[in-house]
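Dropping the structures in below, format is structure tokens.
Both complexes shown next keep chain A, but they swap its partner, so chain B is in the first and chain C is in the second.
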Partner chain A sequence: MKILCDRTALQEAVNVVSSVVPAKTTKPILHNFLVRSSDNGITLFATDLEMAARVELDSVKVSKKGSVLLPARETGALLRELSDPTVTLESTDQRCRIESGGGNFVLLGEDPAQFPDEAKVKGGKRIEIEVGRMLRMIQETAFAAAREETRYAINGVLLDASAGTVRMVATDGRRLAISYATVPTKAECKVVVPLRALNTLARALSEGSKETLSIEVGDKQIVFVTGKAQLVSQLLETRFPDYEGVVPKSADTTVEITRAVLEGALRRSSVLCSSDMRVVRFEIGEQSLRMTADNSSRGRADVTIDAVVKGSGGSINFNPDYILEALRVCQLDTIRLDMSDDSMPAKFTLGEAFTYIVMPISGA
Partner chain B sequence: MSALRTILHADMDAFYAAIEQRDHPEWRGKPVIVGGAGPRQVVSTASYEARTFGVRSAMPGVRAKQLCPHGIFVAPRMDAYEAVSAQVRAVFDRYTDLVEPLSLDEAFLDVTGSRALFGDGPTIAARIKAEVLSATQLTVSVGVASSKYVAKVASDLDKPDGLVVVAPGDERAFLAPLPVARLWGVGPALQQQLERAGLRTIGDVQSRSERDLVAAFGARLGEHLHVLANGLDARPVESERDAKSLGHELTFAEDLTTADEVHGVLLQLAEMVGRRLRRQGVRGGVVRLKLRYGDFTTFTRQRTVPATDDDLVIAGVARELLAESWDRARGVRLLGVIAASLAPAGAPAQRTLFDGDPRKRGSLLQAMDAIRDRHGDEAVRRAGERRLTTPFGPDGAPEAPAGGNAAP
Partner chain C sequence: MIRKLPPEVVNQIAAGEVVERPSSVVKELVENALDAGARRIRVELRAGGAEAIVVIDDGDGFLPEDLPLAFASHATSKLQGVADLDHIGSLGFRGEALASIGAVARCRILSRRHDAQEGWEVRCEGGVETSPQPCGAPAGTRMEVRDLFFNVPARRRFLKSASAERARIQELIAELSLARLDVDFTLVGDDREILRLPRDESLAQRFARCFGEELAKGLLPVSRAFDGMKVEGLVAEPDLARRDGKLELMFVNGRLARESSSLHAVRQAFREYLMGGRFPIYALQVALPPDQVDVNIHPRKAEVRFVEARMVAGRLHETVRAALLGRLGLPMAAGGVVIAPDMPRARSGFPQLPPSLFGDAVLPPPPPSAAGAEPYVVREPVAAPAPAFARGAAASTPPVVSRLNPFQRVTGRYLQVMDLYLLLEGQDGLMVVDQHALHERVMYEQLRQQHAARAVQSQRLLVPTVVEVTPAELAWFEAAQEALQQEGLHVAPFGPGAIAVHAVPTVLARLDARKLVRSLVVGDETAGMAPVREALADRFHSMACRSAVMSGDRLNDAEIQQLLVDAARLEHPHNCPHGRPTVLTFTGPELERYFRRRC
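On to the complex of A and B.
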């Protein structure tokens, strides 16, 4: 194989496939990615057996067709360090020579025939969505997914499509984030996508992009395609809890607050939460929200901010981290809190299509 | 000098009797005697009205009846007392994490580290008294001093509803006029012995040097008298919360081999544990499973959980732990379910989304507890529960005590 290609384009493509290359694995061959050339260009492919990424590159001049396996980390690092606009890759057997203005390098690969094949997705249903919108949905949900060993260690996000709406839902059993989008297709599915796959996908998506991301949902796999890049992931077989049942349908009190003001006040008061159980008490006044925290051995905090309050008021205790994590990905200037009493789930409206449910802390 | 510490001793006033009078308005102002109704029983607590007749705690019921024939004799309701005790404890916990309960109705609190936050010792004591009153409608007497002993003496001096403060440096003067019987460990016999030696008041003891006291009463007692009388008690307030656990276990006459049997027993054990947690007003932050096979090899597995006193949560975790460790080829000889890392039920708890409405679950559990309290453990049971009322060990006797506050 011998190819001449644009260095920046190659570097970006290598970055995309490298995102699925495992840091640790019992199969060392997976530390590599596969380069396969055809008449029209080259294809890069990497996998950790749970996910696979593939990128097609056409800004390439192919002098001799073939394929080669390259070590992902070293190849990526080398491309970053080179300065010429183009690079030449020439492979013989399992060695690949890289020529550029900065010198000559040889990368030792492995036998391309031993590398796992790309899986074929069966029974696909297709959903199309704007790239920027999908990125927002991932940002607005992934943070709420359970990571540690709890009873709801789902480690994934629900993708629930029906009647022209796609919802993404994540929960750890104590809070739950829902983000949704209207889509032109009528495809129906309800699958749990591994958190790792979504984080990897998010890295390949650009903020605000109007391009189309095409999602193909199979029985066991899901495929995301944008432009020339494709990410395939196994689906999780976890049963996702009934999320619709826990979204409060009504509220006794509605509070509207400026997001930046709330975030600052909550950050300050949470400094003085007790160390074993982080609790900030929210007291809804007539037109104010008071936040207090109490650490019996370190100190206490008492912060009051303006709010537009409708309803009976009351007080409720939250883990401030749950709210701060959500505010970090919120883009609204004014957010809304709907609550009923101190033992029932509270609902935060954090975007036009972003709802966040948090269970309170009782007995504080 | 130990003056740097601020220790509170809080002692509920005529605790059991006061709860009975609170819950039965018609008994207020009347002599109420908890316990002592039967011929062989002794008095647990007498209300202040009964005390004017000379009725005292630990007095035989027969004697109490002679002294106060018109007294209202009430059987103790330990569940109710434990619940109120947990409410009181929750107030203490707001002010310090150094709480050493002596019984349901009294505790030491070391508030040294809390002074900067809540004010000095007398201020904290006043706030605790007010909060206990508003939470329980009951009064508590509090002593404030620089040591446990002096605080305990102080709390008793102005009962009921007392607040006695012994300022740092005033300990000796405070103790001096009190009779030697106020010294810890001085009963009637020792009191006579001390009085024969010319020691009637604590001040008399203060006037003797430690060497004299040791010469007269031996090393241990002499030193003890010297330390207490001079207000030098340096023992720390020791909170007990970490070590405690609570559990039940059952041994089977024949080894259990099916999942149904084992799950049924786990549910029963979890109910027993849950009920005791609720009675004591505490929640477990760790669920532990004990599993013994027919050949006596024994395993324990545990998992940290959000603090719970819910039977089904405990049973669910116990089942998960069982699933991870049970070798199905081997018969199960003993099962135990233990709740550890206990904390007061009033302590903050993160609620969860998918475990049902906690208020409904809480009231269901309360209802089941009430039915069992009245009609016995067999009166209500869950589907699938396997109730073994007579657990047998190898010789037909229970192999191990079912439960206890053991920390395995």
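On to the complex of A and C.
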């Protein structure tokens, strides 16, 4: 194989496929990505057997067709360091020579025939959504998903499409984030996408983009396609908790607060939560919200901010980190809190299509 | 065809439950002697007891009219009716021991009552008894058991070597003797005296004589009285712990017996002082009203049950824990005067710390010293009540040497070496301290105290986590539900075979609720909230480990001084929370011996 291509374009493509290359694996061949050339361009492909990324590149001059496996980390780092606008890749057997600006580098690959094949998705349902909207939905939910490996059940984000609406839901059992969008298609599905796949996808999506992301949901896999890049992931075969039952239908008290004010005040009071017991007490006053934190060995915090209060008031305890994490991705100026007492879930409205439920902390 | 077995066969089968090896024979015979009120018991063995076991006592002796029934099964003088089973005061009561032994050996009883002129002899071979014959005999009873299992070849083949059987018997007599300090025990093996335990010595003396003199310096007296229950005895310093549980000795109303929740409770009290795989050493006498104890659940009476198992376990835990804390000069609810020597001063010619540094750090301020410059402090329990197991003779608890927090007595000179160890001069000698282990213990105790000072709070779960459990575990959770809730874990039964977790303690909120619950049920069925506390302790330990100074951290003088000040206030400075030692002490004599200054 011998090709001449634009360095920046190649580097970007390598970055996209490298995002699925595993850092640690018992199958060393997975540290590589596959380059396959055809008449009018090349395809880059990498996988960790749970997900796979594929990018097509057409700004390439192919002088000899073929395929080669290249070590992902070294190739990416080398392309970053080169300065010429173009690079030449030439492979014989399992060696690949890279020529650029008078430099000569040889990368030792492995046998392309040993590399896993791309999976084909059969009978998928297709959903089309704007790239910028999809990115927002990932940002608004992924932070709430459980991180621990053991909680396989909710170690992913639910993708629930029905009647022209796509909902993404994530929870770790203590809080739950729901973000939704209306889409033109009528496809129906309810699948759990691994968190890692969504994080990888988010890295490839650009904020506010009006391009179309096409999602194809199969029985076992899901495929995201945007432009020339494609990401395939296995789905998690688990039951997701019934999220609709968790959303409180009514509330005793409604509080409206300026987001930036709340975030600042909550950050300041959470400084004085002890590291092992993160609790901030919310006391709803007359048109005010008072936040107190108490760390018996370090000090106390007491902050009061203005709020628009409707209802009976009262008090409730939260883990401030749960709220701060959500505020970080919130874009509304004024947010709303619907709450009852310290045994009932509290609901935060953090966007036109972004709802966040947090379980309070109760005393003994 | 179903046939009723002949009585000899029945007795041989029954014998298997009671008589397993020579030590079981010795146990039954010594207990009989104790029940007969003996003050002096002599056990003689041949070939580890396989050839002959002779037990001689100076007890009441048999009534001549009882002798024909001596080897009959279910015949006893210790019990008369069913009502007596509720308040068993004697060690034996089943009336099966002699019958069982008689069925599998050649036995001879020689007995004379103190007020009688002549003694009587009766023999029994393989269950066939001769009629009593008058003969001359010393007062008391002499039981001879020869050729054990002569008619049960299978059993005979399973006997261990003579020395192994003898060792087991020695252990057994030692264990039994601890409950009866007023009795003189002698064990003779093949004409050689193996063990001699004179009458009326103290429990600590006897314990050390039986199980090794090196234990003597680390035994702490324990004595607590509760409403309707009394605990007395000894616990050994945690660093004497063994790799097996052989010296976890509990006597219930004078009977050596195990009870699972109490065993667990005492181990729990030792838990954070012991490395994994180590077992504590103790001898505890628990006195309870006889109707609170069921001894009749095990043929060899090795296990008992308590009506109020949870209460007994809780009190034992409290007692042992208080003793372990008490030895460091910390306030203890009952018993013990603590005398701490004055803070030593650095000798001239060496850098001297500002006097305030350690002066105000030591808590509480040392009371007037009666022990002078003694490195060890002698503690005597205040008005120790006479131990319940001293029947007749009042054996008083001896003064027991106890160790103080060694960091309260450092001279103030120190040196950090290898960026890991601190060399200190303490009053006992040269101390080598693992800075990480010691700091870990400091952080751990701070976290625990902070936690104890604040209200329990629970992170509620959005959707209850359902955990499948076995019926036994379900019963445990139902029983412990309230206790768990007090620690912040809200669980409720969820249909048959599952429980739902509604809220978890906030401190443990980061853990997976399912894992947390699964780790709880491995605890003992009566342990209640203790497993939650263990989970908390583990969490604090990992937090402490992360925030403690590491090996390789170079400490400046101020940091070392602060660490030593903090260490001087520790409840348990000798081990890190997982039981690794924090300090190694080379005493003056040890160093002198090494440098051949003395031999």
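To be clear about the criterion, the second predicted complex is superposed on the first by the 355 of 364 C-alpha atoms of A that agree within 3 Å, B and C clash if a C-alpha of one lies under 4 Å from a C-alpha of the other, contacts with A are read in each partner's own complex, and residues count from 1 in each chain.
Everything that follows uses one rule, which is that contacts are C-beta pairs under 8 Å (C-beta built on N, C-alpha and C of every residue); 3 or more make two chains touch, one makes a residue touch a chain.
This one's a predicted model, so the numbers in the text were calculated from it and none came from an experiment.
A.B. asks: Clash or fit: chain B and chain C on chain A?
C.D. replies: Chain B and chain C clash in the superposed model.
A.B. asks: Thinking of the overlay built on chain A, is A:G363 touched by chain B (first), by chain C (second), by both, or by neither?
C.D. replies: both
A.B. asks: Pick one for A:S275: touches chain B only (first), chain C only (second), both, or neither.
C.D. replies: A:S275 contacts chain C only, not chain B.
A.B. asks: Using the superposition on chain A described above, determine whether A:S343 touches chain B (first), chain C (second), both, or neither.
C.D. replies: both
A.B. asks: Is A:R300 touching anything from chain B or chain C once the two structures are fitted on A? First, second, both or neither.
C.D. replies: first
A.B. asks: Just chain B (first), just chain C (second), both, or neither: which does A:V246 touch?
C.D. replies: both
A.B. asks: Given the touch rule stated above, what does A:R174 touch, chain B (first), chain C (second), both, or neither?
C.D. replies: both
A.B. asks: Quick one: from 4-12, 58-66, 202-210 or 400-408, give me the piece of chain B that collides with chain C in the overlay.
C.D. replies: The superposed arrangement places chain B into chain C at 400-408.
A.B. asks: List the residues of chain A that touch chain B in one complex and chain C in the other.
C.D. replies: In the superposed arrangement, which is not itself an observed complex, chain A uses residues 151, 171, 173-176, 241-242, 246, 277, 279, 296-297, 317, 319, 343, 345, 357, 359-364 for both chain B and chain C.
A.B. asks: Which part of chain A faces chain B closely enough to touch in the complex?
C.D. replies: The contact residues of chain A facing chain B are 151-152, 171, 173-176, 241-242, 246, 277, 279, 296-297, 299-300, 317, 319, 343, 345, 357, 359-364.
A.B. asks: Spell out the residues on chain A that touch chain C in their complex, using ranges where they run on.
C.D. replies: Touching chain C: residues 148, 150-151, 171, 173-176, 241-242, 246, 274-279, 294, 296-297, 317, 319, 342-343, 345, 357, 359-364 of chain A.
A.B. asks: Give every residue of chain C touching chain A within the complex, in rising order.
C.D. replies: 446-447, 450-451, 453-463, 465, 485-486, 488, 503, 506-507, 509, 512-515, 539-540, 543
A.B. asks: Applying the document's contact rule, which stretches of chain B touch chain A when the two form their complex?
C.D. replies: 90, 94-97, 113-114, 117, 316, 345-354, 358-359
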